Amino acid sequence: MSLLEINNLNIDYLTEEADVHALRGITLSLEKGDSIGLVGETGAGKTTTALSILGLLPPQQSAVRGGEIKWRGDDLLKKSSKDLEAVRGKEIAMIFQDPMTSLNPLIKVDEQVAEMIRLHDKKLSKKDSLRLALQQLLSVGIQAERCNEYPHQFSGGMKQRVVIAMALACSPNLLIADEPTTALDVTIQSQVLELMKTLIKENGTTLIMITHDLGIVSELCETIAIMYAGEILELATKDQLFDNPMHPYTHGLLASIPDVTVEKERLATLPGLPPEPTEDIKGCSFTPRCSRCIDRCRNERPVLSEEEKNHSLACFNPYRKS
Amino acid sequence: MLKYTFKRILGVIPVLMGVTFLVFTMLHLTPGDPARIILGEQASLESVQGLRDQMGLNDNFFLQFFRYCGNAVTGDLGRSYSTNRPVFSELLSAFPYTLQLATMSIAIALLLGIPFGIISSIRQYSLFDNIVTSLAMVGISIPVFWSGLLLILLFSVHLRILPPSGGSGFISMIMPAATLAAQSVAVITRMTRSSMLEIVRQDFVRTARSKGANERHVIVRHALPNALVPVITITGIQFGRLLGGAVLTEIVFSIPGVGRLLVSAIQMRDYPMVQGGVLFIAVAFCLVNLGVDLLYAYLDPRIKSQYK
Amino acid sequence: MSTKINFIPFIKRLSRSKTAFFGLIFLCFMLLVAIFAGVIAPYAFSEQDLLNTLATPSMEHPFGTDEFGRDVLSRIIYGSRISLLVGFISVAIALVFGGFLGAVAGFFGGRTDHYIMRVMDVFLAIPQLLFAISVAATLGPGLGNLMLAVGVAAIPQYARVVRAGVLSIRSLDYIEASTASGGGKFYIIFKHILPNCAAPLIVQSTLGVAFAILVAAGLSFIGLGLEPPNPEWGAMLSTGREYIRDFPHLTIFPGLAIMLTILSLNFLGDGLRDVLDPKLRR
Amino acid sequence: MKKYLTLLVLALTIFMVGCAKEEVKTSKAKDTVIIATTYDAKTLDPYATNDVASSNIMQQIYNNLVTVDDNGEVIGELAEKIETLDEKTYRFTLRKGVFFHNGEELKASDAIFSLKRAYNEGAAIKHLINTIDLSTIKQDDDYTFSFSLTQPFSPFLVNMAHVGGGVVLNEKAVTEAGADYGFSPVGTGPYKLTEWKKGDEMTLTRFDEFYGEKPYFANMIIRVIPEASIRTVELEAGTVDLAYEMPALEVNRIEKNEDLAVSEVTSHAITYLGFNTQVAPLNDIRVRQAIKYGIDIETDVLAVFKGQAITATGALSQAVNFADETLTVPEYNVEKGKALLAEAGYPDGFSMKVWTNSKKVRVDMATIIKEQLKMIGIDLKIEVLEWGAYLQGLENDEHEMFVIGWTCQSLDPDLGLYPAFHSTGGSNFARFKNAEFDKYLDDSRLTTDTAERAALFASAQQLIVEETPWVPLANTKMAFGYSKNLKGFVPSPMMYHKLYNLRWEE
């Protein structure tokens, strides 16, 4: 049994004008100890995927239009909110994008971590939980005397360390990190990444990493899923993907990464824009921007299927090596 | 924090001077001779002139103003023209009524407004929400001097369960407090609702959910304390407004509070009373505002650190 | 925050809110009533019938008659003129003076700003109703004085709104460009800055008219309004108070008129805020 | 959240403190009478004010040297004996064994102190006693003193019966209290002040050493309830035993209630339409008379006062001594009015302002008169002035027509006629100057002969009707509602009633 299995997940956001198709049939499966990176442009559905796993999508403004999210075999979408709460934080924890806003400004940081611990161990006294929290904060490199401060007294990198400490406080089986470094300075980014790397290794935590930065993914993840317009277009191990990108979109993405070893006049860019998220797409969503588009692409939807071992693809006309 | 408080208190002084000057000027532009009003229409002209001299009303405007300021600093606000009692003690004897009225209405407003606002925000666009938001609008729009009369008609005249005039005592304050509270309930409900709606969208609330906290915990522990910070501010403003602006309610329910005292003083051209009363209210207003700011800092560590 | 208001989608969006739509319709209705009071009203507002005083509502007098036998409906109809006039003009007064002060304070900054806002603080330290009462008592009764009293008391609020708006826009590029290209300061204020404060000002003004009507009615209620026999809602209410037990119609109808007018303005203002203020747009 | 809890506790504490006030007193045995008035007293220093609300309380606390009996005759109160030594010299002998609320015994020195204080500091009531020649005051012994007037003045003793006129204060108490005397009054009367919550209620307690008959009620609470309808509601609910100033509608209601009773009295107050007789066109007697004919006084008074007034016939209320009973209500005759106006040169009428202050009956009267005078072509513009501005405007001669009230503060008509119509009168707002009238009044002051005075006052009153400086409109009647069990209430036309005569009979 896989640890996490997402099958054909479809999610819409509801607005006054029309339904926005955020996810159009995502299928994904994770084994214990896996680390997967979800990569894609803004609006590709990465965060939606993450939030749907935790059941944190805004209830009135979103709707699951089909599919299932199985956690150790149980469909999370069918769980009662009480059961979901036991999973959140304890088994699946999440690190959010912006450390500036993801901490409660009125509560001291150690208490925010301690709260996480207490929520999943009701017998624990406040004092004990604070002690555990302190340890946790020390382990992410926060000085002991600063643990009793409020979030606004911390820098962005420090806050993200707090968030990481909090997410890992209950030793979750799965950690979802939603662009954990985007909001940080470049120097701080590497420190935080380094920290995450160490902690994940130590704990053997399964990881879903959301980012638009292939460089970050390559550092932390074994598997990479390329997302576009609410779909996964290509799913492969890191090495396979970088060596042999098959989907035209992946190709484009890789081409847009500056390579210091090769001198180029200009970086390649992908022409065009992603489709309107409210649009119902008949064929492949990448068609309008695709240089390898064939007739079939416009009328039939490619399904993610294993092209090679550990390398799945949703494309009728992929690049092939040789 | 202390330094900030001190600075703020110092900042109040020029405002109070300004208020004094403003009222002083207005009173001097007002037609009507206080000496004549004190003595009544039957007194002779000589008596009136004599009294004018005695009261210093024939002196230069600025002389009068600075004399007043000088006395005010020592706590002497003069004596009421109409009762010859020290203005300050007149105000002190009226203040408890106003204070009681204001605290009771604010209590009602908070007790109703916050829960209504919370439920309304949690069930946004539900029937409850629609009813509450519409009623809140009615609460803001209804003139107190009308709703007060209707309450008297219903509860005192027809049902006979509440006394129609609010003098001393808790029971007799219920109706005036309810009347006055209508607007504050509305304001606080709306503020709580919109503040909650904004806070619930914040990332840290999502963080709290991701920690596995149940909805109640998320609302009570994370969303509400943050949402209440602006509510406290608006409550303070409301309270300040009630302390000085309960005039109409006090008139409708015959409550001898500061507002009514002041209005009758205005109508009787009781200069020292008007002067002192407005000053008193301005002081109360400024103090409440200061209190609100300090409270704000107390509740929100981010603000507090700015004041250090 | 650019607020070029396109009228048609604007109305469309506004009318999506039922309450705002109600507000708009009722307000238009009241405006029509006020404008055509002379045509609609069955009687003259001062026409007395001393033999038919305090009559309860009937076919002849739908809202009954008052203590001089004057038709209450007609007085309410004519009263709408006064209330709306006082509401709009006093807000206009506050808008012009407050807007000007706020714009100058915000634009020039520094000392000018400091002094203007300190003076505004003085005004703000006195509750608005109380301030209006004081001004009304100083000026004496009369339509103009009533407007002035209510308007003057509201000046600081508008000064604040405009100042805040100006401050947020002042540093924007196109203002700098305009300054650089040699536009006069007042030219810049009027041409560029004020139009961009329009959204919060429209909202504030709509709610302000409601509040002004409420304050004016309150002033009349305590006898600081217009000279008789002018029909003023607050004053009618004040008279009706004496007869509330036997002839509640004297209290209920003017009270309803006040409340519905204010309510519609508040609904409209709220709807406008939703439409105009992008921050709160749903 | 802890912070919010702290706040909550704090708020609750403040709230409790705010509400920590004693609840409404209710007693089993009826030893407390509760009276509802319209206005609170301003001060209980009789020389600092001359308003009815204050006088009404002072009546219970103080005694005067003299008082007026039910027939309007002057009799001694604190003075046991009053001797008239010559036409302008009086000698008073005080009762012995009269004590003040502070335990001091009443002495002649107190009476002299009081008269001097009234003369020197009592600007509000000085007009009542300003004929005294201070230099002539002479103390014979502890209980006897005498003084002279600057000239013979027949209404003198009656004026001394007014609360502020001949009241006797305790020298020690006044000196000790200084400027705050008005809030710690010390009198010789049947009740003393025990508590005063300004604007709310006042508690008076029976003074056990009172020299006269002890009052029935041990306590008297006077509550201030400005709204008549609310006074009635409280009266019906039994939370009030006696309610002042009941308007017509409430009187009807009380009359229908089996547990309640109503008493009425015609007051000395008169509501009138005044003319500034010095300004054109009002300086023309025909214009003034035309206006008088143009007003349907009887109907108007009924409409405004709803039976709570009688139509005035002259410048004096019928309750005042020597009021001319032969006068009648002026006829309402639009044609005659128009004719007189045409004769005076205003066939098309004119427009003019009429002043009033915010007192409701006055505004109402002005409103009705405005409508009626349209019929004879006069267009009035009503200006409602605030009281202070009104009085100042009258003093500065800025007025044309005005609706106002006038109260004869004594049973003697001198105080009703002299200030209002004599060319040297202090309240002659009509600017009425008539040598004939002046002579009638001057002569009346010099004689004490009743018949002679009656004739002089009658001529004076008829002259005013003819000259029309005023159109007298209404003599207000005051109605009082009270429980049927409350006995002994006799309303006074002066509006300060002897409440110490009240009794309770189930």
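By letter and in written order, the chains are A, B, C and D; residue numbering begins at 1 in each of them.
Assume a contact is a pair of C-beta atoms (placed from the backbone, for glycine too) under 8 Å apart; a residue touches a chain by one contact, two chains touch by 3 or more.
Fair warning: this is a prediction, and the values are worked out from it, not measured in the lab.
Participant: Both chain A and chain C are touched by which chains?
Facilitator: Touches both chain A and chain C: B.
Participant: Using the touch rule from the top, point out the two chains with the most contacting C-beta pairs.
Facilitator: Ranked by contacting C-beta pairs, first place goes to B-D.
Participant: Central chain, going by Cα centroids?
Facilitator: Per-chain C-alpha centroids compared to the overall one single out B.
Participant: Between chain A and chain B, what is the gap in Å from one C-alpha centre to the other?
Facilitator: That gives a centre separation of 52 Å.
Participant: Could you put a whole-Å number on the gap between the CA centroids of chain C and chain D?
Facilitator: Averaging C-alpha atoms per chain gives centres 43 Å apart.
Participant: Quick one: report the Å distance separating chain B from chain C, using the average Cα coordinate of each chain.
Facilitator: 22
Participant: Could you put a whole-Å number on the gap between the CA centroids of chain A and chain D?
Facilitator: 88
Participant: When you check chain D against every other chain, which residues touch at least two of them?
Facilitator: 227, 229, 358, 385-386, 389
Participant: Hey, what residues on chain A touch two or more of the other chains?
Facilitator: Residues: none.
Participant: Where in chain B do residues touch two or more other chains at once?
Facilitator: Those would be 30-31, 152, 157, 221, 225, 267, 299.
Participant: Are the chains arranged, by touching, as a line, ring, star, complete graph, or other?
Facilitator: Other.
Participant: Chain C touches which residues of chain D in the complex?
Facilitator: Where chain D meets chain C, its residues are 227-229, 232, 247, 249, 253, 299-300, 303, 358, 360, 363-364, 366-368, 370-371, 381-386, 389.
Participant: Contact residues on chain D for chain B in the complex?
Facilitator: For chain D paired with chain B, touching residues are 1, 3-4, 7, 11, 14-15, 18-19, 21-24, 40, 42-43, 45, 48-51, 123-124, 126-127, 130, 179-180, 182-183, 197-201, 223-227, 229-230, 233-234, 237, 239, 358, 385-393, 395, 406, 409, 415, 419, 426-427.
Participant: Of all residues in chain B, which touch chain A in the complex?
Facilitator: 124-125, 202-204, 206-215, 217, 221-222, 225-226, 229, 299-302, 305
Participant: Report the residues of chain C in contact with chain B in the complex, numbered from low to high.
Facilitator: That would be residues 19, 118-119, 121-123, 125-130, 133-135, 137-138, 140, 210, 214, 217-218, 221-223, 234, 237-238, 241, 244-245, 248, 251-252, 255, 258-259, 262-263, 265-267, 270, 280 of chain C.
Participant: Hey, which residues of chain B end up touching chain C in the complex?
Facilitator: 14-16, 18-19, 22-23, 26-27, 29-31, 134, 137-138, 140-143, 145-146, 149-150, 152-153, 157, 194, 240-241, 244-245, 247-248, 251, 259, 262-263, 266-267, 274, 278, 281-282, 285-286
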